[in-house]
Amino acid sequence: MLLKTEHLTKNFGGLTALNKVDFEINEGELVAIIGPNGAGKSTFFNVISGFYRPSSGTIKFMGKEITNLETHNFARLGIGRTFQTTHLFTDSTVLDNLIIGYRSKTKMGFFDAIFYSPRSRREENMCREKAEEILDFIGLLEFKNYPVANISQEAAKRLAIGLALVTEPRLLLLDEPAAGINHGETTNLANLIKKIQQSGITVCLIEHKMKMVMNLAEKIMVLNYGTKIAEGTPKEVSENERVIEAYLGGVEHA
Amino acid sequence: MLSFLKEHKFKFIGYGLLLIIGIIFPIVSPNRYYLTVATLGFIYAIAVYGLNLIVGYLGQLSLAQAGFFGLGAYTSGLLMLKLDLNFWLALPLAAIITTILAVLVGLISFRTKGHYFVILTLCIGVIINLVIEKWDSLTGGVRGLIGIPLPNPIGPLEFKTLESQYYLVFVFLLITIYVMNRISSSLLGRTFRSIRNSEDLASTLGINVMYNKLLGFAIAAFFTGIAGALYASYIRFLGPEISTHHLTFEFLLFLLIGGQATVAGPLVGTLIASVITESLQFAQEYRMVIFGLMLILIVRFFPGGAVGEARKLKVKVTDFYNRRKAGNYPSGPGAGSSKGKLGVPSKGESHVTKN
Amino acid sequence: MDLFLQQIVNGLTLGCIYCLVALGLTLIYGIMEVPNFAHGHFYMIGAYVTFFMMTLYGLNYWLSAIIAGIVLAILGVLLERLVFHPMRHTPATNKFIAAVGAMLFLEALARVLWGSDYRNIPSVYDNVVQIAGIRTTEQKLIIIIGAFVLMAALYVFIKKTLIGSTIEAMAQNRDGASLVGIDVNRVAMLTFAVASLLAAAAASLSGPIFLVYPGMGNIIIMKAFVIIVIGGMGSIPGAVIGAFILGMAETMGATYISSSYKDIVAFAILVLILSIRPSGLFARGVR
């Protein structure tokens, strides 16, 4: 078991965005989280990636409790993520974005920098090589020198995934990677996600595009009003009464 | 090696010019007054380099800078006056003490964000200033500290003449620029800039934002402390006004004139501001009227400062030149896809959503 | 005991002045998200206008104060139009720096125009009065009463007029409030006008007991920032409470602890509060 949450709860003032969620993700799986708008999916990601502190409950990663660690330690332990709204370092190039993504794997500090130590040179090369490797993987190598502001939205989405990949995660959390891109691009993206899983990375996906979810996911968790209402294979979930009700009661999604 | 030189052509030309002009300036300077202006300008520039690291690279508008400058100056001055310490001991001690205090300040203030951070650091600067002003028995209060010794000689090298003091400060400036340049072009500089761009993203990539902010703050304070110590032994008189927020704002202005987050910016800005100040000789009282207006105009129209705007211009010019040469730029696959943005080729854009 | 009551009145007086300045600052912050650094210098200019109206033109105190209020309201709108409005979409840091620029400009301009001398607004009401055993001056009573009248007027304006309640809604709830069909420009200008008028009023009221000089805005603006940080930036009641807390703390600190370090009290309080609660005493955000 890679990640396990127990009674995970997050309150925002009076609002319970997550309500005692128990969930497990096994090594190598491709799981998905679905639910109507405002169900708490992104909040779940924010909590298990250390971005928000949970109000109560625990998070275990590779058997170790990590609930109260600081944000950067989550990434260092191997939890990579993308944000629902594409987050990139907007003032630099595609390559530079990925180079900084590998920083947490390097050790050079102030004195390495000012004396231009062998370590700093070695690590700078390492970052560059890793960045190019990932660029190749996500198919953006030829754009490496473009300013991020100049690439298409779909390329930016890929880059955001690349940015999470460059930290060498064991668990990759993707928050609506296919939102706002067209059909053909969605297929490409689904292939990329499959490829990521095949390379040995566990993937957890939030997505409203049901067809994509049903094709990709091996296991699905359904959230509604912060509560887990169902969990199972795509088939089980799509036949679940409560799920159908939640979706009919809420807003229908494509 | 040759390609390395070529790639960093501008940098090398810049360094060469700085070195040559810096060395021959006292020889060709038509009047000794300019030498005093340049020396003071260099001292300020060192402090502005410190500020640049926090404001420019880390993106944290810290307004305690003059407080640290005053702290460095008073620490060094007091160590020399009251404990008879050698300048070469007092200077590093002043820098270290300033750094230690800055780390304490950073531990408190980096927990706050946005405007709270700005106001908190401003208030910490004011507290440092008020303590200097009110702690009469130690600092001499508003009367100040008088008769701070010159830097002690190093072997045969003495610092009695204006020229020798100029060169002394110049060497410190060069060290500062070298260090800042190394930081800027290393992974460390990238780390700082990533924090400026998005703290949230940086931390989800495993970057320890708090640690890096503290590190930048400490390095900045170290150099600001050095600048303060140099000031103390150059001017040889210290009053509490060297630690007021007005000086912080001047540093900020110098930085913005030159261009934040650039290696040349602090020096360029400080020198431009010095030239303006000197050309206003006959109308000194108008100086801050003009600087105040400049500050507004710069952030409104030229946020990149002299160096930043020049760089933008250079990009535009090369872009234009490339376009002329290649006929059609850029020519990567996917160019000219939707919305004029470049990217992976897409097969028609049927339902682009609002996202 | 007598001294204590005396100091209560003094603290109240100081709190009233802080309150008028801080209210303007918090309103502007709430509406525009600009920490308007130049606000303290509006206070300074308000004092000068009152001073010159009385000494150069021989106008009476109240008329001078009203003219100062009008002049400052106009200046406030000008600052909003010329500086902050065009910069409303730029990063917060840039706005802050522009505000600093405006502050440096105003102070230097005052120095050029009026010199660096310390002046005193002629005091018409310096008789000592005795109320319930407390001795104080008429001017201090005027400050207290004047400030409370203005606060009441602001309250009525905010609660009873449409534009006033819009200002409040925008100030207290920048992102949440759905503000359809509101002329944001008008709100912004009006906010600057009201805020600057309050600063001028603070200056006219306190002018006779304080000194008037170009740098007089520096300390008060920082204290006003301390106040609105204590009270929650953008909060109107918070600014009132913060102002009286600070006025009292300073007066008592000066009396019973050390008068030469009295100015440090405010900043020490701020550092203390933000060390314990990094997002302010009354933070709304969660994480």
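Read from first to last, the chains carry the letters A, B and C; within each, the first residue is number 1.
Rule of thumb we're sticking to: a residue touches a chain if its C-beta (ideal position, glycine included) is under 8 Å from a C-beta of that chain, and two chains touch if they have at least 3 such contacts.
These figures come from a predicted structure and were not determined experimentally.
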{"item": "Maximum centroid distance from chain B, chain identifier (CA atoms)", "value": "A"}
{"item": "Chain closest to the middle [Cα centroid of all protein chains]", "value": "B"}
{"item": "Computed distance of Cα centres, chain B from chain A, in Å", "value": "38"}
{"item": "Centre distance in Å when chain A and chain C are each reduced to the mean of their C-alpha atoms", "value": "47"}
{"item": "Distance between the centres, which are taken as Cα means, of chain C and chain B, whole angstrom", "value": "33"}
{"item": "Residues of chain A touching chain B in the complex", "value": "49-51, 70-76, 80-81, 83, 85, 87-92, 96, 99-101, 103-106, 108-110, 112-116, 120, 123-124, 127, 139-140, 142-143, 146, 150-156, 158, 163-164, 166-167, 179-185, 188"}
{"item": "Chain B residues touching chain C - in the complex, by the definition given at the top", "value": "55, 59, 61, 108-109, 111-116, 118-120, 122-124, 126-127, 130-131, 134, 245-246, 249, 252, 256, 285-289, 291-296, 299-300, 303"}
{"item": "Contacting residues of chain B [partner chain A, same complex]", "value": "178-179, 182-183, 186-191, 193-194, 197-198, 200-210, 215, 219, 330, 332-334, 337-339, 341-344, 346-355"}
{"item": "In the complex, chain C residues that touch chain B", "value": "29, 35, 83, 86-87, 90, 92-94, 96-98, 100-109, 111-112, 218, 222, 225-226, 229, 233, 260-261, 263-264, 267-268, 270-271, 274-275, 278-280"}
